[in-house]
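Next, two complexes with chain A in common: one pairs it with chain B, the other with chain C.
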Partner chain A sequence: MKLDVRCKFLILIAISVIAFSTKDVFYGSLVFSLVCLLTFLLGQGRKTVKYIITYLVLVAFILLAKHVPTFLRGMILMIVLCIRMCMPIALYGQTFMKTTPVSEMVTGLYALHIPRGFVITFAVAMRFFPTAKEEFGHIRDAMTLRGINLSVANVLRRPALVFEGLMTPLLVRSFTIAEELSAASITRGLDNPAPRTAFVRLHVTMLDIAITILFVAALFGVLWLRENGWGWWVD
Partner chain B sequence: MNQNTTLKGRDFINLGIFTVIFIVLFMVCMLLMSTTIYTQPFGTAAGALAAGPVYMLLRAKTSKPWAITIFGVLYGLVMFVMGSGWPILAAVIAGALIAELIARSGQYQKYGRESIGYAILMTATAIGSYVPLLTMKEYYRQLAETNSVDNEFMAQLVEFISGPYLVLAIVVTFIAAFVGTLIARALFKKHFVKAGLLKEVR
Partner chain C sequence: MIELKDVSFRYEGAKEQAVRHVSLTIERGECMVLTGLSGCGKTTITRLINGLIPDFYPGELSGSIFIDGEDIAKKQPHELSSMVGSVFQNPRTQFFNTDTDSELVFGMENSGVAYAEMHRRYDQTVRELQLHKLCGRDIFALSGGEKQSIAFGSIYALSPEIYLLDEPSANLDRQAIRRLRDTLLKLKTMGKTILISEHRLYYLRGVADRAALVEQGKITEIHPWETLEGCTDETLHQKGLRSIRDTTVELSEPPLPAQTPVLAIRSLAVARKKNVIFDHVDLTVSEGEIVGITEPNGFGKTTLARIVCGLMKEKSGSVLLNGVPARASLRKRSTFLVMQDPNYQLFSDSVEHELKLTIHREAPQDATITEVLRDMDLEEMRERHPLSLSGGQKQRLCIALAALSPARLLIFDEPTSGLDYRNMQRVAGMIHKLADDKRAVLVISHDNEFLNMACTRIISLAR
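Let's look at the complex of A and B:
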């Protein structure tokens, strides 16, 4: 199933708002299962299954937490809470990135009348995440070669050297990449003030609208239930 | 309008790239620090310290009006989408505007004013990320009740964390951000000026 990019943005905002205010296990799980349903519909079945399994393991942790010493329990529950809160958004975010090409996203943002500066910055940022990962891998290899690998021992023993060895190449590389990318995009007319034309055509169909409304309503429904209670089922 | 005072394509690309690196470094620090509840409030401090050079390099590259605001909005939006809630979005944007004003008072050329602006931006981030921690207090209390073991300990812990400890964390964040910019200055002098990437550190 395909969903229009503007609807996806709306759903993203809805999920971030709702996931933040439903932290307890029960309602959090409800939100999570709604998100799972959506990502499954968007064709990311394998990823969804992976996330569901992780989620079940985390819930098992919470249920088993009784049998752990008090001090450790606080720690574990804190970590579990952080991960569990991020999971619906992480799942949806990854699905978003997987199912939306950057060109489509940029067209969508322009169609929403977002200022140019933000659109360009946003698009570059989105494209740069994988590059940053790759660069980081190279730097880590080089650091290992020079004997300042990123191990706990090294970080504790000589933090200044490790920090310098990591930051300098990282910054210099991004500096160079920024230069090259600007040269490339300016030659392609990035600074052209004329309105942008797009190869991708966006259409919001009735199905898109229906799904978005249903989904956002379901999310807010969870919030409503949490505030007002079920009355007869859960106290 | 002067050529050097409007943001152009090149500046937007710089903003995009350095914001990503900033966010990645910041997030890694936050994650490492949040493994224990005692160090969790200091996550922003660690992030501010580590990501200081990235911010200052970005400022050196795009010393123009509105650059800090765009950075703040993008950074706040990413933090918001990651599930930190709306307080952080509001706080980061407010912090970015204050930083923008401070930098503007030095015509975007004074290193000292840029670092104070950065420290304020990071302090705002810290404040924004502790508001959810206070609501988490309720969650903890509830959790302790349902698990029905050692209520006392949990309650004490939560009280301790949410009181003066947070104030301390906010102060530490301010100092750490400032120290981060000092480290950045040393790093620039040692490597960037020598390599010809930056002309001089003001």
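Let's look at the complex of A and C:
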């Protein structure tokens, strides 16, 4: 199934809001199940299954927590809660990234009348992660060659040196990349004030709208239930 | 088409002018090459024409620049972007998007080309530059040459009249350079005006119409290409220029080793996530030898270097150092790699501290450091911050690190990218010195001119 990128953005906002307002296990799980259903429909079956298994393990932790001393229980429950609340967002976020090219996201953001400065920042951020990964690989190589590989022993014994070896090349390279990238973008008219056109054309179908409304309504339904009854289910 | 009239420019914060009183006229449909030593000002001349100076690189500018009879001082950078297309040296930093299709249309989207027209031009670009294989791909997964092709495509789609290229071959292998040449020839038949700043000249034979020599910010000589054809390599080298003729390398079999080789690789296979990068690789390097490895694109030359240095583990086969099988952890400590980009390997606050920074052994003596610095022509730089050095000096500092390391096996990965003839010659000389000092050297490069100059033996591992 495909979904229009603007609908995806709307759903992202809805999930972010709802996931943080449903802290309890029951309603939280309900939200998570809804998200799983959606990501499964969007074709990310394998990822969804992985998340469901992780989720079940977390729930098992909650059950096990009853049998550990109080001071540990609080800590375990706290950590589990944090991870559990982030999981629907993480799952949906990853699905979003996997199923939508950056260009489509950018076009979607322009279509939603998001200011240009913000959209460009967003596009650069998307490019940043793979770049950072590449750079980090080279820097790690260089550090290893000089004997200051990123090991626990080195970090403990010579933290200043490890920090230097990591940060100096990182800063220098970031500066160079930023400069070269900006120069290349400017010569390709990034700062052209004329209205921008798009290579991808967005189509919202009735089905897109229906699915979005249904899904967002279901999410808010969970929130409503939590506030107005059914409360006896969980204890 | 392009006219510079008495143009001078000083970068903000610089003491000296980068270009001084440059006047230059390039006709419509002409291909002009700017060449000269590193830092001579040829890149600055390209920046003057694509408008990056003075908007992006501020400074003191005088004189005037005309494109198609119009003074570009009155134009905004984005207005110039449809007239002048720029391709830069580093393929890794000139794309803005993460997928190839978005990058190809990036310029068109910015300048507001209508939907139908954009698709037409996209198809045309893909067809005419033969980019079919690269469509819909993740740019980060492409090779340097492929990235460069995409950068070219994104400019081509805008169909500017002028193409500006700043050392486009610096990070390309021979195959990609051939592609670049084909593209340039195509642009010429279309009547485009081309200006290239470059060290490597051989691939421009039959493409370039004229060549200008830039020295210390001035254009000192302009010749039709035919004049260069009449020059011997010696004349060109004296001016710090590289050969205009393509050089071939002669591959040779290893001599029977007189003693145990420093490095011996036996039927090595390497895989990344089940993909075999290469297998059945055999290689020996003995003391005093400088072995050059030249491979076609996609062989995994850098991977080989990383394996030998222990930065990566082999799938099967063995690596022997001084006759003893060496695991990755031992190889890390007994080899030294000079990486392609020296910026990763330098992080101390002065040249001297950089050389004294050691972990598993004692710091070298002052006298030794002085000697090595003299060899590398860096004596006066002792107190300088490594990052304030020029590209060539940074690279020599990395070679100094190699010279001071106890490693008997030294590896150089693409040591000539972006080097002019003089620096290239210097690097070759230093590698010879290292080999004479009872070491074995492995050079990985696709630069034939350099391989011939530096190596005692050249091999190819691909079959």
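Basically, the second predicted complex is superposed on the first by the 223 of 235 C-alpha atoms of A that agree within 3 Å, B and C clash if a C-alpha of one lies under 4 Å from a C-alpha of the other, contacts with A are read in each partner's own complex, and residues count from 1 in each chain.
One rule holds in what follows: a contact is a pair of C-beta atoms (placed from the backbone, for glycine too) under 8 Å apart; a residue touches a chain by one contact, two chains touch by 3 or more.
Worth saying up front: this structure is predicted, and the values here are computed from it rather than measured.
Trainee: Let me test your reading of the model: by the given contact rule, A:190 touches which partner, first (chain B), second (chain C), both or neither?
Mentor: both
Trainee: State whether A:118 touches chain B only (first), chain C only (second), both chains, or neither.
Mentor: After superposing on A, A:118 lies in contact with chain B but is clear of chain C.
Trainee: Regarding the shared-chain residue A:159, is it in contact with chain B (first), chain C (second), both, or neither?
Mentor: After superposition on chain A, A:159 lies in contact with neither partner.
Trainee: Mind working out whether A:199 is in touch with chain B, chain C, both or neither, as first, second, both or neither?
Mentor: The second partner, chain C, only.
Trainee: Looking at A:45 after the superposition, I want to know if it touches chain B, chain C, both of them or none. Which is it: first, second, both, neither?
Mentor: neither
Trainee: For A:85, decide between first (touching chain B), second (touching chain C), both and neither.
Mentor: It touches chain B, and chain C stays clear.
Trainee: Counting only touches as set out at the top, which of chain B and chain C does A:12 meet: first, second, both, neither?
Mentor: In the superposition, A:12 contacts chain B only.
Trainee: With the two structures laid over each other on chain A, which partner does A:102 touch: chain B (first), chain C (second), both, or neither?
Mentor: The second partner, chain C, only.
Trainee: Does the superposition put A:172 against chain B (first), chain C (second), both, or neither?
Mentor: both
Trainee: Determine where on chain A the residues touched by chain B overlap those touched by chain C, and list them.
Mentor: 123-124, 164, 167-168, 172, 177, 181-182, 185-186, 190-191
Trainee: Going by the contact rule at the top, pick out the chain C residues touching chain A in the complex.
Mentor: 50-52, 55-56, 76-78, 80-82, 84-86, 88, 90, 92-99, 101-102, 105-115, 118-119, 122, 140, 151, 154-155, 158, 306, 309, 311, 332-333, 336-337, 339, 341, 343-348, 357-360, 387
Trainee: Note which residues of chain A are touching chain C in the complex, please.
Mentor: Its residues touching chain C are 101-103, 106, 123-124, 126-127, 130-131, 134, 138-139, 141-142, 144-149, 158, 161, 164-165, 167-169, 172-173, 176-177, 180-199, 201.
Trainee: Can you tell me which positions in chain A touch chain B when the two form their complex?
Mentor: Chain A residues touching chain B: 12, 16-17, 19-21, 23-24, 65-66, 70, 73-75, 77-79, 81-82, 85-86, 88-89, 93, 116-118, 120-125, 128-129, 132, 163-164, 167-168, 170-172, 174-175, 177-178, 181-182, 185-186, 190-191.
Trainee: Help me check something: in the complex, which residues belonging to chain B touch chain A?
Mentor: 7-10, 12-21, 24, 34-37, 40, 50, 53-54, 57, 61, 66, 70, 73-74, 80-86, 132, 135-136, 139, 142-143, 147, 149-150, 153-154, 157, 183, 187, 191-192, 195, 197
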